[in-house]
Amino acid sequence: MSVTPTSPDSIIPRLKAETLSTLIKKGVRADGRGLEDFRELKIITNYLPKADGSALVKLGDTQVLVGVKLELGSPYPDTPEEGVLVVSAEFVPTASPAFEPGPPDENAIELARVIDRVLREYGVIDVSKLVIVPGRRVWVIWIDIYVLDHGGNLIDASAIATLAALLTTKIPKYTVTENESIQIDKSSHAGSLPVVRKALTVTVGKLSDSLIVDPTIEEEKVVTAKLVVGVGEDGAIAGLQKSGDGYLTLQEVEKAIELALRKGSELLSKVTEFLKTLEAASTESAEVSSVEEGGSSRNSSNA
Amino acid sequence: MRGEKPRLVSEDGIRHDGRRLDELRTIKMEVSILSNASGSAYVEFGKTRVIAAVYGPREPPQRYMVLPHRAVLRCRYHMAPFSTDERKNPAPSRREIEISKVIREALEPVVVSEAFPRTSIDIFIEVISADGGTRTAALNAASLALADAGIPMRDLVAAVAVGKVNGYLVLDIDQVEDSYGEADMPVAMAPSLNMVTLLQLNGVLTPQEFSQALSMAFRGINEIYRLQKETLRNKYLVKVE
Amino acid sequence: MSTQTEQKVERVLVAPGDKLAEGDYRILTPTTAYRVGNSYYSSVVGLLELNTQEKSLKVIPLKGSYYPRVGDVVVGIVSDVGLTNWELDIRAPFPGILYAVDYLGRAINPSKENLKDFLDVGDVVVGKIEVFDRTRNPIISTKGKEFGKVVGGALAEINPVKVPRLIGKKGSMQSLIESETNCKLVIGNNGRVLILCEDKQYEDIVVRAIRKIEVEAHISGLTDRVKEFILVEKVRRGLVGNERRET
C-alpha cells in the first residue's frame, strides 16, 4: 500500500523553502547553478573486482554504485531466444536517515522499474546475443543498483551508473559440453556485453512554477512533481514517469520533455566521451577518471 | 513486444477489435456499489473491470501514519488472482507496488486533504478482470469513489492510455495491443484545472509522436471525465414515485 | 406550504471540478467550494445555491462523513473506559473524550471507583462537543439537562450531511415527525438519531421516515412527501383508523 510520506525527514523549514523558491524564480539555485545545470559528475568504472561490470557514480553528493553480474539461467518461455534482464535497487541504510533496512520500498521499486523500462524498451542491450543454448540456457544480467548516499536525483545518477556499468561489463568465457552442461571461466572473458544503443534518464523537477534539472536533496523537498524522461541517443523519448505528489500542466510537460531531451543528449555525449578516453587508456585494473559537468555550463536559451 | 508482431491495425486504421484509432472501448461506470465503504465505484473498459472503495477520513491504524496538518492518503492497487489469463499470485508484486504509488500521487493534487488533519483516507482498488489499461481504469474508479464518499476534491481525475501499435497511435489500448505494441503511455488529468497528475511511458516515442499521443490522450480524458460526471449526477437524478 | 420554506435561490446539482461562477462571490461553504483566480469550482457532488444578489454561493454536499465541530450535539457510544475518562465513538475519525469530572460533576478517585459502574462499553450518551482544536481528540460535555446517558428508545443513523434536512428549516421537519408520531427525536450532528416514542410501534415508522429523508434529501417537496409517508404507514399498521384526520 502506498501512503503519503509522513517521515519528519520530509519536512523542510519554511524559510529555507522560501529562499529556494525566491532564488529559483531569479534563475539561480542555492548552490550557484543555473536551472538547467547538472552538478559535477564523476564516474569510476570497474570499481568492483568481483562483478562482471560495475560503476560508481558521484553526482554532487549523491553516490550510486551499480554492480552487474552475469549468471546462467533459463529464458522466459515467451522469449526463448533472448537473454534475461533483471534490475533491482537497494536504498542502503547508509545513504540517508530516512532509509530503513528491509525489503525495497515503493521508491526503490519505482527507481528500478523506471530504469528497467528504459533499458528494455530502448533496446540498450541486444538480448538476442545472450543466448547460449537456444530455448534453454541464456545469460541472466543482474543489475543491482546500490544507492550509497542520497544527495538527490537518485534516478538519473542510477541511470548513468547503470549505463557505465553495462558498457564495461564483460561476458565470462564459457564452454558448452556435449550434454549441454556449461562451464564458466570467470578468469577470462569472451567479449563485452552487447550494448548497442545508449540511453539514460533526465529528471525535471517542478519548483514554484520553474523547471529545474538534477535537484539536490534539499530541492527535492520543495519540488512538488518530477518528470523522469528516458533519453535515447537518437533523441527519442525512451520512457516517462511522473513522480511526486504534485502535478504538471500540459505546457509544463512539453517544456520538461524538451529540456530533458536537450540535457540528456549533452549528458550522453559526456558519458560516452569519458568511456572512450577510458578505453584508450585501457588497463586491466580499476580505472579512476572523471567527467565534469556543472560549474562551467551555460544557461541554455530556449527553456 | 516479443516474437512475431501480428497485424493489429488495418491499413484503413481499423483496430483488431473494430475500433477506430481514437476510439475508446465501451465504458461502464457506477458509483455506490458497496454498502460498507464511505464511497465506491465500478468501472469497466471493455474486458477490464475494476472496483474501488474509499474509507475515511478515519483514524489511521498506526499512529506514525499521521500528519498534523492534513490527511494522509493510503492507496492500494491490487489484482485479483482470477483477473489474468494465468492465475496471479495474490501477494503484491513490484508492479502493483509501483502502480499503487503512481495512482496515489495522481490523486494527491486533487484531494483537499488539508480539511482533515490527523486522519487517513484509504483507497482500495481491486482489478477483477485485467485486459489492458488497468491502472487508468483503476484511477477513474478511485476518483469516482472519492467523490462518492463526499471527500472534497478540486477536480475529478480522468485517465486513459495511448499506445503505439504497428506504428499507429491508438487510444485506450487493450491487452493484445499492449503486449504486441511498441509503446504504452498512461495519462491522467484533472481537466478543469489543466493538471497532468499521472504520466508514464513504457516504450519509445519520438518527440512528435509524443505530442500527438498527448493530445490524443487529452481528448479521451475529456470524454471519460464527462462520463464520470454524468455517473455521479445520475445517482441523484432519481425519480420519486 | 412546504415550497414556501424552500429558498428562492435555484439549486443545481454539481460535481467536483464543475465551474460554479465567475467574478466576486463569497464562499459560504469553504470545504465544498473553492476559488482559482476569478473562477469558483465545486469540490463535491452537491447542490449549488448561487445567490447572485448577495454575491454568495454555497455547495451543500449530498454525502460525506462526520468531522467534529465545537458546539455540535453528538450521540456517542462508549467504546473504551479509562481511569478518569471514557472514549466515545462519535462516527468521526477521532474518539470523543468524556471526562468523569464532567459527567459526574465531581472529582473521582480512580483507586476507589470504577468508571464502568457509571458508563460501560456500549452505553449511549448524548453530549456536546466542547473543545476541539484538531490537535487532540474532541472533548465532549454532558452538562445540561438534555444531555447524558440514554436509557430506552431506538437509534437510527443518517448520513451526517443530511442532518440539516432532517431538522428542516427552523426545525420544521423534526417537529412534523414528532407531532405526527408522538415521538421525540434527539438529532446528533454526527448523524445518529435517538428516537423516543410513547408508543413503541411508531419507532419503526420514524426510522423509515429518516431513511426516506436520507435518500430524497435533494429532491424538493420533501416535507409533503414525508408527511404523506407517515400517514400511509400509520394506516397500514392500523394506528389510525376511523379517526383519520384530514390532511
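Brief remarks follow.
Letters are used for the chains, namely A, B and C, taken in the order the chains are written, and counting of residues starts over at 1 for each.
As a convention for this text, a contact is a pair of C-beta atoms (placed from the backbone, for glycine too) under 8 Å apart; a residue touches a chain by one contact, two chains touch by 3 or more.
Since this is a predicted model, take the numbers as computed values, not measurements.
In terms of inter-chain touching, the protein chains here are arranged end to end in an open line. Taking the mean of all protein C-alpha atoms as the reference point, the chain centroid lying nearest to it belongs to B.
Taking each chain's centre as the average of its CA atoms, subunit A and subunit C sit 56 Å apart.
Between subunit B and subunit C the centroid-to-centroid distance comes to 35 Å (mean Cα coordinates, whole Å). Taking each chain's centre as the mean of its C-alpha atoms, subunit A lies 28 Å from subunit B.
Counting partners per residue, subunit B has 190 as the residues that reach two or more other chains. Chain contact summary for the complex, subunit A toward subunit B: residues 1-4, 6, 78-79, 82, 106-107, 109-110, 112-113, 117, 121-122, 227, 230, 232, 235-250, 252-254, 257-258, 261.
Within the complex, the subunit B residues that touch subunit C are 38-39, 56-59, 68, 110, 112, 115-120, 147-156, 190-193, 225, 228-229, 232-233, 235-238, 240. Touching subunit B in their complex are the following residues of subunit C: 13, 15-19, 31-32, 34, 36, 41, 43-45, 61-65, 67, 93-95, 134-135, 161, 215-216, 218-219, 221, 225. Note for the complex: subunit B touches subunit A at residues 1-3, 64-67, 70-76, 94-95, 97-98, 100-106, 108-109, 113, 183, 185, 189-190, 194-207, 210-211, 214, 218.
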